[in-house]
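My questions will all concern the structure given below.
Note that the chains take the letters A, B, C and D in the order they are written out, and that residue 1 is the start of every chain.
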Amino acid sequence: MTSPNIASWTINGLVTAPVTPFNENGNVNFDLFDSYAGQIKDHGIKNLFVNGTTGEALSMTVDERKSVAEKWMEVGKSRFEKIIVHVGTGNYMESMQLAKHAESIGADGIACVAPSYLIPLRMEDYVNYIAKVASAAPNTAFFLYDINFLTGINLSVTEFFKKAKSQIPTLKGLKHTSPQLDSIHRVLTDHPDMIMMMGTNDLFLEGLVLGCKTTICDSFLGHVLSNTKEAFDKGDVGRARACQKRALDLMTVRRQMELTVPGGSKAILRCLGLAVGQPRLPVAPMTESEENLLKEFLKEIGFFEWYMEKLQ
Amino acid sequence: MTSPNIASWTINGLVTAPVTPFNENGNVNFDLFDSYAGQIKDHGIKNLFVNGTTGEALSMTVDERKSVAEKWMEVGKSRFEKIIVHVGTGNYMESMQLAKHAESIGADGIACVAPSYLIPLRMEDYVNYIAKVASAAPNTAFFLYDINFLTGINLSVTEFFKKAKSQIPTLKGLKHTSPQLDSIHRVLTDHPDMIMMMGTNDLFLEGLVLGCKTTICDSFLGHVLSNTKEAFDKGDVGRARACQKRALDLMTVRRQMELTVPGGSKAILRCLGLAVGQPRLPVAPMTESEENLLKEFLKEIGFFEWYMEKLQ
Amino acid sequence: MTSPNIASWTINGLVTAPVTPFNENGNVNFDLFDSYAGQIKDHGIKNLFVNGTTGEALSMTVDERKSVAEKWMEVGKSRFEKIIVHVGTGNYMESMQLAKHAESIGADGIACVAPSYLIPLRMEDYVNYIAKVASAAPNTAFFLYDINFLTGINLSVTEFFKKAKSQIPTLKGLKHTSPQLDSIHRVLTDHPDMIMMMGTNDLFLEGLVLGCKTTICDSFLGHVLSNTKEAFDKGDVGRARACQKRALDLMTVRRQMELTVPGGSKAILRCLGLAVGQPRLPVAPMTESEENLLKEFLKEIGFFEWYMEKLQ
Amino acid sequence: MTSPNIASWTINGLVTAPVTPFNENGNVNFDLFDSYAGQIKDHGIKNLFVNGTTGEALSMTVDERKSVAEKWMEVGKSRFEKIIVHVGTGNYMESMQLAKHAESIGADGIACVAPSYLIPLRMEDYVNYIAKVASAAPNTAFFLYDINFLTGINLSVTEFFKKAKSQIPTLKGLKHTSPQLDSIHRVLTDHPDMIMMMGTNDLFLEGLVLGCKTTICDSFLGHVLSNTKEAFDKGDVGRARACQKRALDLMTVRRQMELTVPGGSKAILRCLGLAVGQPRLPVAPMTESEENLLKEFLKEIGFFEWYMEKLQ
């Protein structure tokens, strides 16, 4: 039976997936977490999704991930409403360890992506895998993390929920990081009891019109996407489009420079003055001249003017 | 210079891409067009997009396509507001012939998809190819047809418009048949002078929230999608979702049975009593038992009850 | 029943898929065929595969393809042992016309690729489609043309032959233009009565070790690949590798410059002094500076020295 | 400088990538390693490649992988000529730990695949990543493991070696598990000082004709592939084809039943009486009825007769 606190679990406001700051030696820079958490809050973000793709979770050891999760709990507990810890790895052994640990440190939720090397090919194996991981944190709200263009998993998410709900009592919803909007529309109408979070910077308006609760985005898009939602909620669709267009302009710059998910987010944070360091290999580090070019592009689209603007 | 009638060209209401009826010998069944056109109108459709993917255009010879376009003009002129003729083939020679012909018979617009075998790899070649085709119908509104999952073309559509607008004076917009919603958001904000038509059955609401004018759909979804738009325009997003969910349910059935674009549309029309025949090879024909199974699935989702329902 | 001349049909020596020369207006340059045929013969090629991918067949109209096939018969009949006419188009109507025409002008064989837009998804539709085309030339040896990375067809070729042999009395073999070597190994052992022709410039040695009869290549690789086969037949595998490595070096240059199949072949022929013109859009034409760069690359790999070398 | 024992490092005879036996609880079944090692030797295998894809390395924790490597050293040291330990994980931190451990237990070689989630997009990042891992075992021969259809990495392997040789003094060669034969041909001619090992069951003959030294295969194909090589070395290509065709027949059965790499290998070993257990989720376990069906298919292709046959 689902525990009452999971049954009533909900989330309000935007979520960010923070990067993991590294120092010059490539080790986690724990000193930066506190000021980074402050900056995130200033960007209008209400919740955290830690150790995600942007956080380079899969580039870290299990022990590092535990320490990073603990640190976010420490600096974030008082600042944020919900802290969700992502526990996806290449196998259920390590993901179960991380899930158990997340529950032990009081995470508000956990999320898990399936492996990307030997991927599940049948729905029942997918559900059984995820259920195994969720079972290691029996008192914590659980979210499936679907990012099919990175994992290669092409199983129907709405079918997943149909089968998984009875098997995973803690199941609360989905982080949907995929271009397939029809897929999320199916999930939203078939499973109104589940909480749907978009997982991209640039499809929030489409998610909102279909009924998504929030989006998990880069923190420096906090105001842009809060404004998008506010305009949409007021019925001002034109303004909502204009707000989200800014996020699209930023994505266009990232594509022009062929930036990766964690590499691009780190580079933009560095442009904003936060010493988050370079990503771990094999993700490309950025040279100084590339960083200067990025700054130019960001200036051209007006990023430094509008990223802190709040809707009046 | 753009002619005044192209400058003021617009489109209202839904568009359908009709199938091409074939008889038992696999030849075009011209006798059926009149009653089919009547049924389309009854489904609440205001405009036609003929010789499209659903119309099996690429399975027909150039001469057949001309005859089919003429027949649709004959039976459709008095019934529909706009008739757009699709002229995409494997090469510009044939597409230019078809574009010229479409203009000569008074088509309200033409559209063209690029080849799918030797595809354009550079933007300039893409624009030059499409411009060549458009130049054969210098007085007719022109639309790019982007269906990247069938063609494999991965060039930015908003870049296409940026470069093509000065080169193609008749350019009026896009048929967007791709799952990438961020792409259409870019086009819509960068090129507000262009008319954007979604080209799918199941992403209309997402298109509407971004500012698309209409969608090109199967005729039997005419009421479902009109209702979606009506609800959206009234600000009743919940109802809009519920309306579009019906189109999604139909797509789910089509996927379960692994139906192709033209094969599935023809089969459903046959289930509705219209003798449109089987698709041409190599598209799979449907056996009687498969057709009976399809009917069962359609009954299960309530299709026969709701496909004619108009929003009150 | 298979006619005796089809039953005894065989092929010896290399095959080339010639380009189609175009003049400055983009029309077929029939004046060049005679000297081009002479050059092909000088390159050690014994047979032709006309109107293939390299020949930009799908960029031409049906009438143009008929004229080009006739021209190759005229200039090639006395020079070459076998002339195979490729008849693949976007649909069976046009392919049947072309097959009938090829037989009427005395082609030694015909070949056909399936459509690339609405592709066959089931084996029976694939076989039925190809059988329909073959039936239009009931007295001419027939070859399936499998080029799966362009068509997207992922059906087993050995299964195709298993089902098609009883249905297509003229079936004689395969043009295999795919990186899957296991697939051709299956076909070769399952169907020893069929003639297998590799369809690439750079996998001939692998094809030979599996039992392929010949390869269909660019004419300017005629000596290089004849040498490869001669060395392999003599048991000098080391020399065979070294010979084929030259073809690989040429492919590396083509990839570095991102040349297309027909565009690259035409450019190299122009570098060899043959005025074959530019490819038709949307295939990229080549600027003068690109052509100069190509010449530099060709010099670097020694192409102009070794392309005419015959094994002693 | 490369140490003398690495400079003279070589490998003879076939290599197998063993599965990792699990017991009913899903834990490593260390009791089975000794008898399994004996069976491998009986199958004509001379070397081991442990903790590979078939060994479900990425489904295990770092600690489990260390224990498994130690166990293989224990039971394999006296039986096999070379034991290569694969150390690829999702990140360099863990791979460095495993590389260091492998060297400490006396592994004859190590191999590493790059991550499959956040993959290297630029050659220099790829080389730097792999170099970092190799540096943790400075006295052990090192192999790149390229399995591009699982990782999605599309960087040129021959370019990798060009750049990596000066950076990785221990670099000795490649495990090539990709369908691209032209790629391995380039590597073999450009880098004759490197040792090339095919990594598939069904492309050994093609690898041999290009100059590969050996193949890393399933142990139950040991005799089949030894026979293939023996026939090829004697110049009896026809027999070599017939031998390898058996491996292809086995692959056809695996595809028909949609078996995964580790799942299929484990299932066939169970059919041969070895209690290796089921694979870990999300790889599909096999039901009893599926296993019976597999046995039927294996009987049909004669597997139980020919898998132990040695060439006379």
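The rule we apply is simple: a contact is a pair of C-beta atoms (placed from the backbone, for glycine too) under 8 Å apart; a residue touches a chain by one contact, two chains touch by 3 or more.
Since the structure is predicted, the reported quantities are computational estimates derived from the model, not experimental observations.
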item: Partner chains shared by chain B and chain C (touch criterion as defined above); value: none
item: Chain copies touching (chain A, chain B) - same or different residues, decided at half shared; value: same
item: Approximate Å spacing (C-alpha centroids) for the pair chain A, chain B; value: 36
item: CA centroid of chain B to CA centroid of chain D, Å; value: 50
item: Chain contact topology (line, ring, star, complete or other); value: ring
item: Contact footprint of chain B on chain C as seen in their complex; value: 53, 56, 58-62, 64, 89-94, 114-122, 125-126, 128-129, 132, 150-152, 258, 260-262, 280-285
item: Chain A-facing residues of chain B, complex; value: 179-182, 185-186, 188-189, 202-203, 205-206, 208-211, 232, 235, 237-238, 240-242, 244-245, 248, 251-252
